[in-house]
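Chains: A, B, C and D, in written order; residue numbering restarts at 1 for each.
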Amino acid sequence: MEISFVVEQLLNGFQLGVLLFLLAAGLTLVFGIMDLVNLAHGSIYMIGAFFAATMTLALDSFILGIIIALPMTLVLGMVLEFIALRTLYSRGHMDQVLATFGLILFLNELVRIIWGPAGLAIPLPLLLDGSISLPLGIVYPTYRMFIILIGIIVAIGLYYLVSKTRLGMLIRAGASNRTMVGALGINIRLLFTAVFGLGAMLAGLAGMLIAPINQAQIGMGEDILILAFVVIVIGGIGSIRGAFIAAIVAGVIDTMGRAFLDVLLLALLPANAAEAAGPALSSMLIYFLMAVVLIFRPQGLFPARNG
Amino acid sequence: MRLKKNVQEIGVSCLFILFAIIPILAPAIGEAFYVDVFARIMIWSIAAVGLNLVLGYGGMISFGHAAYIGLGGYTIAIFSFHEINNGFIQWPVALLISGLAALLFGALSLRTRGVYFIMITLAFAQMVYFLGVSADKYGSNDGLNIWNRSEFKIYGLDFSIDDNLTFYYLTFTILILIVFLVRRLVNSRFGMAIQGTRSNESRLEMLGVPTYVYKLTAFVISGVICGLAGILQANFERFVSPDMMDWPRSGELMFMVIMGGMGTLMGPVLGATAFLVLSEVLSSLTVHWHLIFGPLLIILVLYARGGLGGIIDRGQKDG
Amino acid sequence: MIKQFFTAAVILILMSTTALAESIKIGFVTTLTTGAAIIGVDQKKAVDLAVEHIGGKMGSLDVKIVYEDDEFNPQKGKQKTEKLIKSGDIDIVAGYIWSHVLLASAPVVLNANKILISANAGPSPLAGKNCHKNFFNISWQNDQTPMALGEVLNQRGIKSLYILAPNYAAGKDMVAGVERTFKGKVVGKDMTTWPTQIDWSAEFTKVKSAKPEAVFTFYPGKHGAAFLKQYAQAGLSSTPLYSVYTLDSLSLPRLQQAKMTGVLGTTMTQFWSPDMDNAQNKRFVADFKKKYGSYPSFYAAQAYDSIFLIKSAVEATGGKVSDTNAMRAALEKANFPSVRGKVRFGNNHFPIQNFYSREVVVDSEGKWTTKITGVALKDHQDVYAKHCKL
Amino acid sequence: MIGVKKMVSPLLRTRALNKSFGGIVATKDLSIEIFEGQICAVIGPNGAGKTTLVNLLSGNLRADSGDIIFEDDNVTGLSPSALCSRGIARSFQITSIFPEFSLLENVCFSVQASLGHSFHFWKDVRADERVINPAKEVLERIGLLSRANVLAGNLAHGEKRQLEIAMVLATRPKLLLLDEPMAGMGAEESRHLVTLLNELRSDYSMLLVEHDMDAVFALADKITVLVYGKSIAEGKPSEIKVNNAVLEAYLGSSES
């Protein structure tokens, strides 16, 4: 097996990982600070993709499309928070799950009415089309490299925001001790709206980045939402660092499973059994990972709140 | 509150009477199709009553109970595929398998709390789902037809459930039986222990009660009841597929419990009825029915706390 | 939405006012909600157009179509089928895109001694061992199209092939089909998680390192467009892609919208193509384009055919729709103008028909469509027919 | 039941108990004895390690070193539930009850726990005499029987504290560990509770941690004074009252 093959697969895993991170970051913040289980986070991802696709087609520029779509998702997130989700903070997780599931049904149908059932496809920006050559004879699609880059920039930005700024201090305080932030006389409502908007924008960004690879599609949010939940649970709820590490680990493990599991199984099992077991196992791998982590660390890898 | 409880009991009695007379009523008004709708409602009710034991009474938010329905159903289908149609073999084995799965998944999941518990139960259910998808021999995700319903033949006894009416009343009887069983259960010492864990688990532990064991037992019983619902579902639909254990099914089951009012005996039955009738009626009005159904769920949560059963949700955040 | 609501209202009014007139009522079960609705909506368009083309009449009977939405869920599909059957006055049930929905629903119709016509799904149990005298399929059996593709690969002298398909029943059928006829070497095969996996970066990297002469794939619906985009983006454009049910009139406009490279000239196999030269097809495609502004998909073509098939039987029996035996005998003759030209039914009531190789081209208006380039399999019958005891 | 030999040995004693959290010493070389039928009070300023002592004795905390001997058995390191079943029961400084359940049901939880396992799936608890009768007895004794069907969450604070004690009694303990039972109570409620505890002394031994000095002097047979985890004085209330070290360290500053 060539080294370039392994490195390319690692890059693939990394790319999936940063995408998951963009989704998980918002989810874990909202979860950690407001204690809100927001199933509709995936819908924001979907709408972000539709915004970006619409804008890209209208303006004939992907970059411009994203620049306009980002504030749109920010506003969307804040509006959703203000209208529907704010009242859910004080409720139990059950109520939150039920209400945000209702929101998913509603938003999916709304998108279908606005954009039709077929979805929207947009071209890759010319600048990012094609492949780049790296050392070791690795040829990698430019656009996927671009996603990795954006992901890393966002991760660094978030790290800076959370560890160095006043907002970040409040976010950290909120994740570890919610009542304390209130006691400090902070305008909690504003903080919550801001954090929710930020999370929504990150989810939207993930949707926008994926739009030229797949397409903006109804229901695209639900499957990846489950993965994002898996990530934040592995990482420990409320922890940005945990979300990042877990996202990368999940992305790499999932990709490596798809890349190497069949070969591995062929070495261990008879050909027939290996062919049947391979796809099944690789689809279960990420859930298996979560189960194992939780069995040994019931609070995830980096719990923000102890106890 | 007492008054509300009485109103609920009257409502529920009416519902049961309705269940009992539907096979006569529905054809009379020219809607024979509703007999099947209500058979389905009763099957989901059984599952919801099972889930309610852990969700409502025990405060354990399991997001993976569709797995036990699926395991129960698939056991029947696989037996039938291999031409073993004897219900006296099929049913106990199906219940055993659902129970063992619940024991294994529950034992591992119950080590976690709160949202972690929600997610790990989901993870286990998804594994079962993917197992079904990759079961080539048993139809993969196309599913598996069940050409013969379970047969109950032993020493001259020959009870056939092929007839839909017989099946309807069998399901009805099982539903009543399960509700009765769960009623005894939640009022027993065991039931008190379960409810105590929801209310104040650490206090109970301090009193010397090993709560984990009780929670696990409740989880297993609940899994077995869902397995039973799966057995009935497979026989009723004459078909199983991995869809029946995909995560949206677990979600729907949860909603039935919550809609009806968690931790009330009859809430899940009310909830299952409301959920299924509502989606049936709305979907026949417009293909865009989710546009109505979604906000309806939200409104239900925001303004009708504790669901249709009317008993106040005890407002406990888990974890 | 308002338009649909209006149509629904009109249908309701028509139903109530003309209930006494002589009519044939056809239940059509397809997917009208969820992301998969794109196929169902296309089928519905075709059925509406067919009813228009026959002037709303089959013989002397007025035609009424009752659409039901299966929500891409076998239980729901079965429930809707029951609703059709038990509400009494449905004469024939047609539709069904998905194998699992059909498998769950078929017994309901067949046990009621009604005719069931699948306008797409053709799972192997219903073609073989569990075939039924009252079940007809007006599309194809899963294995046939990839078998045709395997022949095309042989004709073109392809020696090594990489296979990529989703890990579910139809995906496995497709893979089995191409492996049955392809004579070269399969150098790699990946079965991906369905329907959640929509990223193939790991698989494409494997393809690149395996260096096959060609890639075979099957990704229906929304996955198809995403697959093709990523295929080109992964730098695989130089490896020819052969597909079945991946490129169709539903995905091509989207790919064109996305200015995709590497799609034009791609080869696939199919029993039909919009450019087929017969009167029925010309009328269908032209009017479909005029009415809806896009090419019909093969799903639409099958749905369109199903209405004409039913019409032929109604007319042959002189409108005795309730006489299931007479209807069945008439249906078996397949004496109707099909958009695919010549077609007849085998013993298992699946079509015996030609399969063509076709290519993605640009039409005179600049739209992407497909064009037939040759016959891959002639008068082909599926392999399961021999297990059918009809 | 009480043998000659046991007459001389204490119900509970500790030997050189030590516990510290990081650098902070919470319990230092502490040796106390409680005899059958005694009420032994532990007093001391805030942070003296009183609650730590209760936690050590109830098994909620594990001592760094030293032994706990209960009825001549070394019970050091046993779990709270094991200690509970041996007859050591505690109440909590912060009320910990089952708010959605009635008073009677709250006490039933305790009774059930003392009856061993709860794997009884069939019989209705409300008809289960083995559970309901002892629960009612305890409620009667504590004077809350008339409110048996009230939801515990709806009780007044003082009543909740009483319920706490009822729940402790219902586990049929030999030794009660009462962690500030009067906390947050008004004068009237405190007096009521003192009377109640006085009535209970014939049947139970108690370790009483309390700030309310009136209550302590009214109830205690023996008082141990803790400062920084260390016992600085021990004796009858009358002795403690006049102990200069105690006055200096504790009473002087707190009685005003």
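Operating definition for what follows: contacts are C-beta pairs under 8 Å (C-beta built on N, C-alpha and C of every residue); 3 or more make two chains touch, one makes a residue touch a chain.
All of these numbers come straight from a predicted model, not from anything done at the bench.
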If a chain touches chain B and chain C alike, it appears here: A
Most centrally placed chain - per-chain CA mean versus overall CA mean: B
Greatest separation from chain B - chain, by CA centre: D
Rounded Å distance between chain A and chain C, as computed from the means of their C-alpha atoms: 35
Whole-Å gap between the CA centroids of chain A and chain D: 51
For chain B paired with chain D, centre-to-centre distance based on mean C-alpha positions, whole Å: 45
Mean-CA-position distance for chain D and chain C (Å): 77
Contacts with 2+ other chains: residues of chain A: 112-113, 279-280, 283
Touching two or more other chains - residue numbers and ranges from chain C: 1, 167, 193
Junction residues of chain B, two or more chains touched: 130, 133-134, 136, 288, 290
Every chain pair meeting the contact rule: A-B, A-C, B-C, B-D
Chain C - residues contacting chain B, complex: 1, 4-5, 8, 32-33, 69, 71, 73-75, 78-79, 82-83, 85-88, 99-100, 103-104, 107, 123, 125, 130, 167-170, 172, 193-194
In the complex with chain A, residue positions of chain B that touch it: 55, 61, 63, 108-109, 111-116, 118-120, 122-124, 126-127, 130-131, 133-134, 136, 247, 251, 254-255, 258, 262, 288, 290-291, 293-298, 300-302, 305, 313, 315-318
List of chain B residues in touch with chain C within their complex: 30-33, 35-37, 40, 130, 133-134, 136, 139-145, 147, 237-239, 241, 243-244, 283, 286-290
Chain B residues touching chain D - in the complex, by the definition given at the top: 184-185, 187-193, 195-196, 199-200, 202-210, 214, 217, 314
List of chain A residues in touch with chain B within their complex: 31, 35, 37, 84, 87-88, 91-95, 97-99, 101-110, 112-113, 226, 229-230, 233, 237, 276-277, 279-280, 283-284, 287-288, 290-291, 294-295, 298-300
